[in-house]
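Some structures are shown below for you to check.
Look for subunit A in each of the two complexes below; its partner is subunit B in the first and subunit C in the second.
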Partner chain A sequence: MTIRATGITKRFGSYTALDSVDLTVEPGELLALLGPSGSGKTTLLRILAGLEFPDTGHLELDGIDALEASPRERKVGFVFQHYALFRHMTVFDNVAFGLKIRPRAERLPADAIRRRVEDLLELVQLAPFAKRYPTQLSGGQRQRVALARALAIEPKVLLLDEPFGALDAKVRKELRRWLRSLHQEMHITSVFVTHDQEEALELADRVVVMSQGRIEQIGTPDAVYDRPASRFVFDFLGQVNRLPCAVSGGVARLAGGALTVPAVGDPAQGDAVAFVRPHDLGLVPDGAGLAQVTAVTTVGPMARVELALAGETLEAEMPRGQWAGLGLAPGARCGLAIEQVRVFPR
Partner chain B sequence: MTGAVGWQIRRPSVLPGFGLTLGITLTWLSLIVLVPLAALAVKATGLGWSGFWSVASDARVLAAFRVSFGLSLAAAAVNAVFGLLVAWVLVRYRFPAKRLVDALIDLPFALPTAVAGIALTALYAPNGWVGQPLLDWLGVRVAFSPIGIAVALIFVGLPFVVRTVEPVLQEMPPEEEEAAACLGASRFQTIRYVVLPSIFPALMTGFALAFARGVGEYGSVIFIAGNMPGLTEIVPLLIVIKLEQYDYAGAAAVGTLMLLASFVLLLILNLLQSWMRARHVR
Partner chain C sequence: MSAEEKASVAQDSVAAPVVVRVRRPALAESRWVRRLLIAAALVFLALFLLLPLVAVFVQAFQKGFAAYWEALVEPDAVAAIRLTLLVAAIAVPLNLVFGVAASWCIAKFDFRGKHLLTTLIDLPFSVSPVISGLVFVLLFGLHGVLGPFLKSQGIQIVFALPGLVLATVFVTFPFVARELIPLMHEQGCDEEEAALVLGASGWQTFWHVTLPNIKWGLLYGVLLSNARAMGEFGAVSVVSGHIRGETNTMPLHVEILYNEYNFVAAFAVASLLALLALVTLAAKTALEWRFGAELAALKRH
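Right, the complex of A and B next:
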């Protein structure tokens, strides 16, 4: 299904949750709405589902105006952050709910419903838990039940609101992989909301970065990571070092002119701020270098190196082996090797 | 005492004070509830079995029991429906003077029941503001009939249902209803299959409390009932009448019967409730 939202604006009192947002979701794609809390991503998702109504704007599902349609008419499957399973029903009854409540003319016969629910429980690897109640399941299992329940009605779109937000890191990662492979199998148009940039980059075909009710950038994970359109996007998608600089002729002068690095972005001339990611910051052993190592922490396979450069604090990140090969220790001076910086107006 | 016996009441626990609190609880319950009730039963035994039986099988007593329990059940049922509606409106919607309406609900708790009874009687009497039109247009006589008793019992029982259902409704996450809507459920189906089962145990509690209150209610009923023996005479009034005739043992016998009937009914309601809880909300 193609979703086309245009000029969607939503206010809650004096607070503007969405400010004239345009978004098109292509059939079969897995799209991430990424942003910090309060960026309007969940509101947008709820508007797509028909759980919330915009003040102005249009919404078309497969070319048909859908704003007047109820959630049931839109044929959306919605997965909630906190699962929203029916507490008084077993896993089986939860998944069967959407099938059992159909009008008699459209309803499948009872044994067909049972087979379909069993298939879905098989798909989400919960077949042995059919008779359990939601509170007897772990968070990851509950979310899989919620997913099976949403899929049971054969929705044309799957909308997921922070589907892994309430789960612990390991389960989250597993479920993420599993959802990715499920999407590859079923090719159902899916939109999910997340505030976790890693999740969005790993899972989505395209990422929509949102901030304060506006869309900052839409693109593939690589595009938004490598070519962020704004300082917000750059900032939000990972760790970043910010350095004041002067730009001229495609070159940024850092640390008071002592270091020159090729620069892309805006402005092309004058004072700016250079953005560079910790893993793009190379170190060169040099007793007379510009920078000084102030501290080192190792997190798993990576070494995080804190540096002082002309009164600014920088962070570099590299594999531990590479760090060991440099032979540097806190207090030592070193040179910096930066391939390129992205500059934004100061 | 731990470990020495085959079964243990007391297990190692991070919540200390089990023995102390249970001891106080039992003593307190005995003093406040059990001893007076036992005294009542002892008093009733003064009649002997045959005397007790003749009181219990008396037509006037049986009719009073029918009136008391029948109308209490009916009033509790009406309260369950409308109390649920009131709780729903109070929890789900915002409207002007909501606080005021909220405070009104508790008035039947606080108002002396005799005051309520007199007010209701004045309103519903054949010449009252509400009673007259009802009698003229519909031919329904409210005051001095079983309907009047039901009206009084509905009045005193309402807050029990509202106040037990309200917090449960408040804590019900709206997501469950939204999920039902996304799965294609109509509003009616959502309420029937999602909302009601979740709040049913609380509704049962409210029903049981309203019922228990109705059975014991005296002050508001005697004014509006008309108190015709066999027709609109409630059990508590019958007890008072027996007392006024210095028939203390007879009064105690009726009281004991009432106690037994109430206990059995409340026990059934409680069992029903725990069965529902086990089945529905885990």
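Right, the complex of A and C next:
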């Protein structure tokens, strides 16, 4: 299904949750709505589902005006952040609910419903848990029940609100991979909301980065990561070092002109801020170098190196082996190797 | 703690003399304090609950079972029992519907004046029952605001069944709503939204999702509401008119008999009310015992 939202604005009292948002979701794609809390991503998702209505704007699902349609007519599958499983029903009844409550004329016969639910429980690997109640399941299992329940009504689009938000790191990673492969199998148009950039970048075909009710950038994970359209996107998608610089002729002069680096991005001239990611910051052992190592911490396989450069604090990140190979220690001076920086006006 | 520190601690604990001390959890009181508190509670219960209850039954059976039975099957008593049951049978279902509706709109929606409505629901608890009854007399009585109109239409409300029902509904209204509002509030709207997205209609959502989630709370509320409906004295007394055999409910009948120094009959009818209280308590306890696990599961989720 194609989703086309145009000029969607939504206010809650004096607070603007969405400010004329335009978004098109292509058939079969897995799209991430990424942003910090309060960016309007969940509101947008709820508007797509029909749980919330925009103050202004249009929403078309497959060319049909969806704002006139009830949630039932929209045929969306929605997975809630806290699953919202029916607590008084077994896993089986939860998944069967959407099928059982259809009007008599559209309802499948009871044994067809049973088979379908069993197939779905098989798909989410929960067949042995059919008779359990939600409280008797772990978080990851509940999540999969919620997914099976959403898929039961054969939705044309699957909407997921922070699908992995309430799970611990390890389960989250497993489920993420599993959802990705499920999507590749079923090719159902899916939109999920997340505030975790890693999740969005790993899972989605395209990422929509949102901030304060507006869309900052839409693109493939590589595109938004490598070519952030704004300083917000650059900031939000990962760790970043910000350095004051002067730009002229495509070259940024850092650290008071001592370091010149090719600049890309906003065609700023004069005073600007250069953005560079910690893993793009190379170190060169140099006793008379510009920078000084102030601290090192190792996190798993990576070494995080804190540097001082002309009064600014920088962070570099590299594999532990590479760090060891440099032979640097806190207090040592070193040179910086930066391929390029992205500059934004000050 | 480094490995060295751990080792030294281990050595210390081996070297130190073994001191046996009675340990108790930080929140547990000493044995004497506990016993004193329990004893105080038991004495209080015995004095204020058990003793009156026993007194009621002792008085009722003072002149033997025959006199007791006589007092219960006497026509005025039977009429009072019937009227009480009838009033409860009308008032409790009404309160069930109103209570669910009120708690639904308060717990699941945001609207202007919500706090005011919540406060108003508690009003019957904070107003003296006599005032509650008087309100209806002032509204519907012969000299009341609507009195002349009602009289011209041949409708009698005060000093008749409708008045008794109105007063009872008013007084017992908060029970169901107060039981349900916190419960529904805690449960939120997530499940209802899930049902809607899955294609359920509003009615299906209520019937299959909301109602099963609140059924135990609702039952509590109905039980309490029923007990109060049958036992209400003040408000009912004002609107009743005390017409023997016609507008006398059980509590009013007890009062009349007592004022006539007919203690055996008064306490015999009173014993029925006491019995009702016991049955209500037993039903509540049985529910908790039988469905305790399920109740807990609903709350835990």
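In this section, the second predicted complex is superposed on the first by the 344 of 346 C-alpha atoms of A that agree within 3 Å, B and C clash if a C-alpha of one lies under 4 Å from a C-alpha of the other, contacts with A are read in each partner's own complex, and residues count from 1 in each chain.
The working rule: a contact is a pair of C-beta atoms (placed from the backbone, for glycine too) under 8 Å apart; a residue touches a chain by one contact, two chains touch by 3 or more.
The structure displayed is predicted, hence computed values, not measured ones.
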| item | value |
| --- | --- |
| Simultaneous placement of subunit C and subunit B on subunit A, clash or fit | clash |
| Partner chain in contact with A:F97 - subunit B first, subunit C second, else both or neither | both |
| Contacts of A:G289 with subunit B and subunit C, given as first, second, both or neither | neither |
| Contacts of A:V76 with subunit B and subunit C, given as first, second, both or neither | both |
| First (subunit B), second (subunit C), both or neither touched by A:G213 | neither |
| Partner chain in contact with A:T135 - subunit B first, subunit C second, else both or neither | both |
| Subunit B versus subunit C as contact partner of A:P221, first or second or both or neither | neither |
| Interface residues of subunit A shared between complexes with subunit B and subunit C | 49-51, 71-72, 76-78, 80, 82, 84-88, 97-98, 101-102, 133-135, 149-150, 152-153 |
| Subunit A residues within the subunit B interface of the complex | 49-51, 70-72, 76-78, 80, 82, 84-88, 97-98, 101-102, 133-136, 146, 149-150, 152-153 |
| Parts of subunit C lying in touch with subunit A, wherever the complex brings them together | 190-191, 193-201, 204, 208-209, 212-213, 297-298, 300-301 |
| Residues of subunit A touching subunit C in the complex | 49-51, 71-72, 76-78, 80, 82, 84-89, 97-98, 101-102, 133-135, 149-150, 152-153 |
| Subunit B to subunit A touching residues, read off their complex | 173, 175-176, 178-186, 189, 193-194, 197-198, 279-282 |
